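Two complexes follow with subunit A in common, the first pairing it with subunit B and the second with subunit C.
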Partner chain A sequence: MKRLGQILFFLGVLVICPLACGPDTDPFDDLMSDGFDRKEMLVHWADNVIIPAFASYAHATDALKTSAVNFGLALDEDSLLKLKEHWLDAVKKWQGVSMFDIGMAEQISLRDFSNIYPVDVEMIENHISTGQYNLELPSTRVAQGLQALDYLLYANQDIERVLADFDDQRRRQYLQAVVERLDSLAQQVLDHWQSGYREAFISTDGSSATSSVDKLTNDFLFYFEKFLRAGKVGIPAGVFSNTVLPDRVEGYYSQRYSRSFTELGLNATVDFFIGKSYDGDVNGPSLEDYINHVTAQNGTRDLTLVILEQWDKARQAIESLDPNLTRQIENNNVQMLKAYDELQKAVVLLKVEMLQALNIQVDFVDADGD
Partner chain B sequence: MIAERYWNKTVEAAPLAVFRFLFGLLMLLSIIRFASYGWIDKLYFDPIFHFHYYGFEWVTVPPTWLCYGLFALCGISAIAVALGWHYHQSIVIFFLSFSYIELMDKSTYLNHYYFISVVSFLLIFLPANRYWSYDVKQGRILASNRVRAWQVDAIKVLVTIVYFYAGLAKINEDWLCRAMPMSIWMPGKLSITGLGDLMHQRWVHYFFSWCGMLYDITIAWLLWYRPTRKFAFFLVIIFHLLTALMFPIGMFPYIMILAASIFFSASHHERFLGFVNKWLPMHVNTVTDAVLAPIWTKWIVLIVLLLQLVFPWRYLWSHGDLHWEESAYRFGWRVMLHEKTGDAQFRILNKSTGQFFYVQNNDFLTPLQRKEMSTQADFIWEYARMLERHFVGQGHSDLAIYVDSHASLNGRAVQTFVDGTIDLLSIEKPCELYRYIQPLEDD
Partner chain C sequence: MTTRGFSCLVVFTLMVLVACESDPDPMPVVQAPAVYKFSRDGESTVSFDGQTTRILMATELINAMEDFEVAELALNEMWANETAAGGDADPFENPALNESTKSVRSKTAASQDYFSSNVTEAIKIKSEFESWISAQVNEVFPNELVLAEPGIAGQIADDVSIRYVNGDGLEYNQAVNKGLIGALMLDQMVNNYLSISVLDAASNRADNDAGTVASGKSYTTMEHKWDEAYGYLFGTSQSESDPLPTLGGDDAFFNKYLQRVDGDEDFTGIAEEVYDAFKLGRAAIVAKNYTVRDQQAAKLRELLSKVVAVRAVYYLQQGKNGIPTSGSDFGAAFHDLSEGFGFVYSLRFTRQPDIDAPYFTASEVDAMIAQLTAGNGFWDITPAVLDAMSKQIADAFDFTVAEAGS
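What follows is the complex of A and B.
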């Protein structure tokens, strides 16, 4: 019994000590309070970055919906230009939310339904002529979303011809259906964030593979590697195929925006990393701070500086490209490949050094560190 | 002769019976846990490609129903082992089914899976069902409360090797002088318990590194020595519960706590059995002290333990850095020892046209497989072979495959891993690729 008493006492001390020595009452406060507050970072991400980004995107898809209705009624040049303007705004806002594939966005495959390219023109035309389609089917991902609108609005450069095409009631209906679906997906994700998911997101502040920090960091990296580096640049430049694929750029039919979408994607990446709020007013706790916090103590190199420098090089390489990436690829693909290389170098830094520094778990499985 | 006397020495059978019982239960729990997380699908059916151990390429993932059946078989045999019901058949089935599962994909390698395989192999040759089991209750074998001392010591020696070797492995510059990878692992941990701030302290990383090493080196000896045994077991519990809280290492802590309990004297185990026997009566009235172990089993046990002593040292014959090259890293009780991350991009070249393209690894590998593949040369080699089969199947020919690979070990700056100018397909065996790993450079 005596021994049991000792053990209980010892366990008691173990439990009480950290409670009693909490940051509020601890005389060695300065010594102890250098911990990085993951929760604070999650709150900043949710309130100042992710939710405003989705709100802004959902606002844009809503405006797009209105202008599509107006276009259907008026069917004139002015309303078409307005519609194109709102489409462009929505694609630009999309670049700010694409990486946040978490919660409802992940559940409903927001990215796959909203911005897949290249689109399947045959399927789109078939949908229009038959009037038979169910846009909730995964197989119809390539016939809807922002890039399907790119085709519908820009496939024909001649405005008169576009207006003539939309004289067809069925084409107008399809435009309406695509826009409505796009908007409803966006609203769904925004509603979810605003009706409780924010709290779930910030309360999962641990450090396992299912915690919000690990999950969002993995999403962030996956976005950068697959959708920015490969999707926007590498695939059309032919990095993953035997030949160049200039028709695989984002915004292929509108032609002149493909470079700017890439730049916006990179901006969103960098902004998230440095913790810039969506409206640009505040810089909150970020991955950059977190890395600095961790590496400051173990004497490794200034990783965040290296990463930011690499992104600068990538940005310069992208800025030197033709605004129309299709034309760039056809005329001088070497420059496109150069941009890809700079992005790939950043991938290596993020995947190898950032993930290690932050000890991000890549997946929810047992691991014993080998 | 001393050896003769030792081989014939007998001890009480209770510790072995308790070990059998708890081992079986924990294994059942492990299988249930594994299945309930959906890991059977995630690790064996989601991937379109599996990495194999050299020499075990014939171990493949069976069709869905058969694979689920294999897990069920493994779980059921674990129950049978716990109960000592047709023990010898059950433990053989458990060993075979568990080891088969373990060998199906190399990217799931864990030291504690290997430990379970070794323990269950040893158990095949130990009479763990002679006491308090269904086999004696149902009269299949004669109950005996004595077993030979070596039959209990075998488990203790294995546990000693595991701990001591894990400790020896921690005696390296990164672990002790740089507190690596503890400095990477600890920040962000234990925040729920209020200890989160401590986990960022530099001195805490050093403290845990050194304590971990000292614990591993000494704990087995403290368990052997009766006066320190209870204190040692207390340390075992604290240490492993702490690691369970901090690291995603699954069942490992509980398995080691169980394994350490075998050091207790028979009277403790008797009391435990008396307690459990109320719910699960397996005691019988007539118990002899006859020991009938076939004598040849001791040689097998001895060989297994000698192999365990020798095998981890095979790295002395490899030329590069143990942690960077990893040619002799696994199967050596190197548990939670380093942190390595990497990225590997594969370039597929058509040798006759000079055209090339890169592979999107997401298309072929799961996140776990990508992580393992990008830092280990044998995975890179096998993946290249798999890519060759895939692209040849698509009609490509005359291929060469190169890898742009980068890795980082224990917080060092990223550096080139495998020589990017070597055609991976020109390398016949995975072990030959180790020669093309670039030497590790310190910052």
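What follows is the complex of A and C.
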């Protein structure tokens, strides 16, 4: 064994030395490759995580569409409750796909058209009363999607009043239009994955900035930093403004789901990181495995454990909040700030330590110009 | 190590030496220029107008706090550069400041290293400044024509000057002024722009190595970060590149007090040391020598923290000396203690040279502030408390109370 070690050592010297001092051409890529099977991870991501997640989301938007039609016909309390139930299910399923802003989702700006908040109530009401709108316009993103439905279904807590409002056919038509567009966007993305994009995704298995691993890892980080940490917690808690903004929570009008949307977003983040399949049955190759693979080579500390522990702390901080984050902010914003701090600590671990370990360049920057 | 292992290593070393003999010197010597001037292709790469803007905003804010005609609303707008509803505000006399979207508030207790994962404390600190601004209007201004007494805000004579204090004898405008030296200027310098986490953020190092400039700019992002630290000290200097000749007269914040400390013969030369470290560190970035850069950053953390600490001890001692042994001539003592209050508050933002921690933690500083404001505050404070606090501060640094106190 000792002798073998010696031989390997010498071979290593012979190989490394000329390279270390060689000309600028870069033969490192192959030789210094980290030996992790990226393709296997991409296959797992596509087949067991992303496509099932989009299928489930598209299924939910389809059910939402059906229940909106039924509500339009019946206009009674039962059909309204059914509609609300399907809306809630769609928002929950949305949390599982939001981070996968790649391929068709990126091309059609799925996230921006499906779940922007706060919504522009004035624009929504204007669309309803005039019947004049084009939901494909980027300027109308704040008047459509799941959060526009939150407004339409919940702005009024009194069910009789909601039913009375929807007695107006223009309001029913707008509801249909919003639901149909939401569903059609979801189906487009799912179709794209199922009709060839999966193959393109898994075959881009290199380690350049345009490779699927680098891109999706950046999407994952971007989601966690901008949409979970900032969007769901930091912005309403006033971290980026001079005052708190309690009306900027997700699901503002329904008033009781904003914490659970945040928890689901965190679950989706952690599940993706540890490679849990969408149905929860298998754990496949993941960012966690990838990091463990390279850190084992470097002999560095157990980064993945540190990251998972930090997410646990964040989860505990979020679980201690009022289910209605608006109420939490108004009553005791310090608890929100503490949750934000725990999420931000995880951002640092991911953005600096994880990306460094995986040798992935961050493809977005914080605009903090002075 | 076995003999065979050793011989392996020798062979390895020889091979590396032979193979690498044509490599350039890996650690070029860095030479600081005579003045803070750096350029690329004939164009200056030095830029820190954002820092100048914030110093000027802070200046208008603290001046307005002494204007009895000013409304709380206007002070809040100067602090946040926004209306209460979040709209665009034009609170400043200088129209250029009204054009800006920057504010004092957004960079107060806002450093990457201390506050990015600690917004809980950051917002507590911002709220403290807001409470001082508000109390100036709501407690002190209404008592303009009341004689200050223990527990009662009002005016008090300090020789020929008149000071306006709260019930504790504290001048809120001094708390804001000296507090910002720590919470804005020092924090942004030593815990943000001179931090490795900021200098080396994202692809800064690779970009600086390759000479890749920031989009539309003449400087690399790393160069700019360093300049932004420099700007919080020299952003209003008459000469951007040669600021020491007018040091002390260019603002009422860090610039002024670096000169005051330098003017004490026990600390003469500190201003030159600070300026030299800024120049050498910046030259090191140009030379891509990050070892020298980091050495200068560490040196600046120590020196700039020390300026705040020396000044804290100085005012605590001056305040102690001003406490009358009989009678009620507290005015001079209160003025010094008010400045001391702000500098003590600023200790929380200091930074030890080689670790990610201040010389005094938030809770240690809170305890000092609690001592200064216990009971009726400055009315009740004893020389023994001020001496003990002075010693506690000096002991964390390499100076004595006697050196700082005069």
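Quick notes
Assume the second predicted complex is superposed on the first by the 328 of 370 C-alpha atoms of A that agree within 3 Å, B and C clash if a C-alpha of one lies under 4 Å from a C-alpha of the other, contacts with A are read in each partner's own complex, and residues count from 1 in each chain.
Just so we're on the same page, a contact is a pair of C-beta atoms (placed from the backbone, for glycine too) under 8 Å apart; a residue touches a chain by one contact, two chains touch by 3 or more.
Being a predicted model, the structure only gives us computed values, none of them experimental.
With both structures placed on the common chain, the touch criterion links A:F36 to subunit B but leaves subunit C unconnected.
Legend: residue contacts after superposition of the two complexes on their common chain; A:S241 is shown touching both subunit B and subunit C. Looking at the superposition, the partner that touches the larger set of subunit A residues, subunit B or subunit C, turns out to be B. When the shared chain is aligned, subunit B and subunit C each come close enough to touch A:Q361.
Of the two partner chains placed around the shared chain by superposition, neither subunit B nor subunit C is touched by A:D281.
When the two complexes are overlaid on their common chain A, residue A:E160 makes contact with neither subunit B nor subunit C. Contacts of A:K338 after superposition on the shared chain: subunit C is touched, whereas subunit B is not.
Contacts of A:D205 after superposition on the shared chain: subunit B is touched, whereas subunit C is not. When the two structures are aligned on the shared chain, A:A230 is found in touch with subunit B, with no touch to subunit C.
Counting contacts as defined above, subunit A residues 18, 234, 238-239, 241-242, 344, 348, 352, 361-362, 365, 369-370 meet subunit B in one complex and subunit C in the other.
Residues of subunit C that touch subunit A in their complex: 4, 8, 11-12, 15-16, 19-20, 22-23, 48, 50-51, 54, 80, 82, 84, 86, 102-103, 105-107, 116-120, 123, 197, 202-203, 228. Per the touch definition, subunit A reaches subunit B in the complex via residues 3, 7, 18-19, 22-23, 31-36, 38, 205-209, 213, 218, 226, 230, 234, 238-242, 293-295, 297-301, 344, 347-349, 351-353, 355-359, 361-370.
Residues 6, 9-10, 13, 17-18, 20-21, 234, 237-239, 241-243, 333-334, 337-338, 340-341, 344-345, 348, 352, 361-362, 365, 369-370 of subunit A are the ones that touch subunit C when the two sit in their complex.
Contact residues of subunit B toward subunit A in the complex are 37, 39, 42-43, 108-112, 178-181, 183-185, 187-189, 191-202, 205, 230, 234, 247-252, 326, 329-330, 334-343, 345, 350, 355, 357-360, 362, 366-368, 370-371, 406-408, 411-414, 443.
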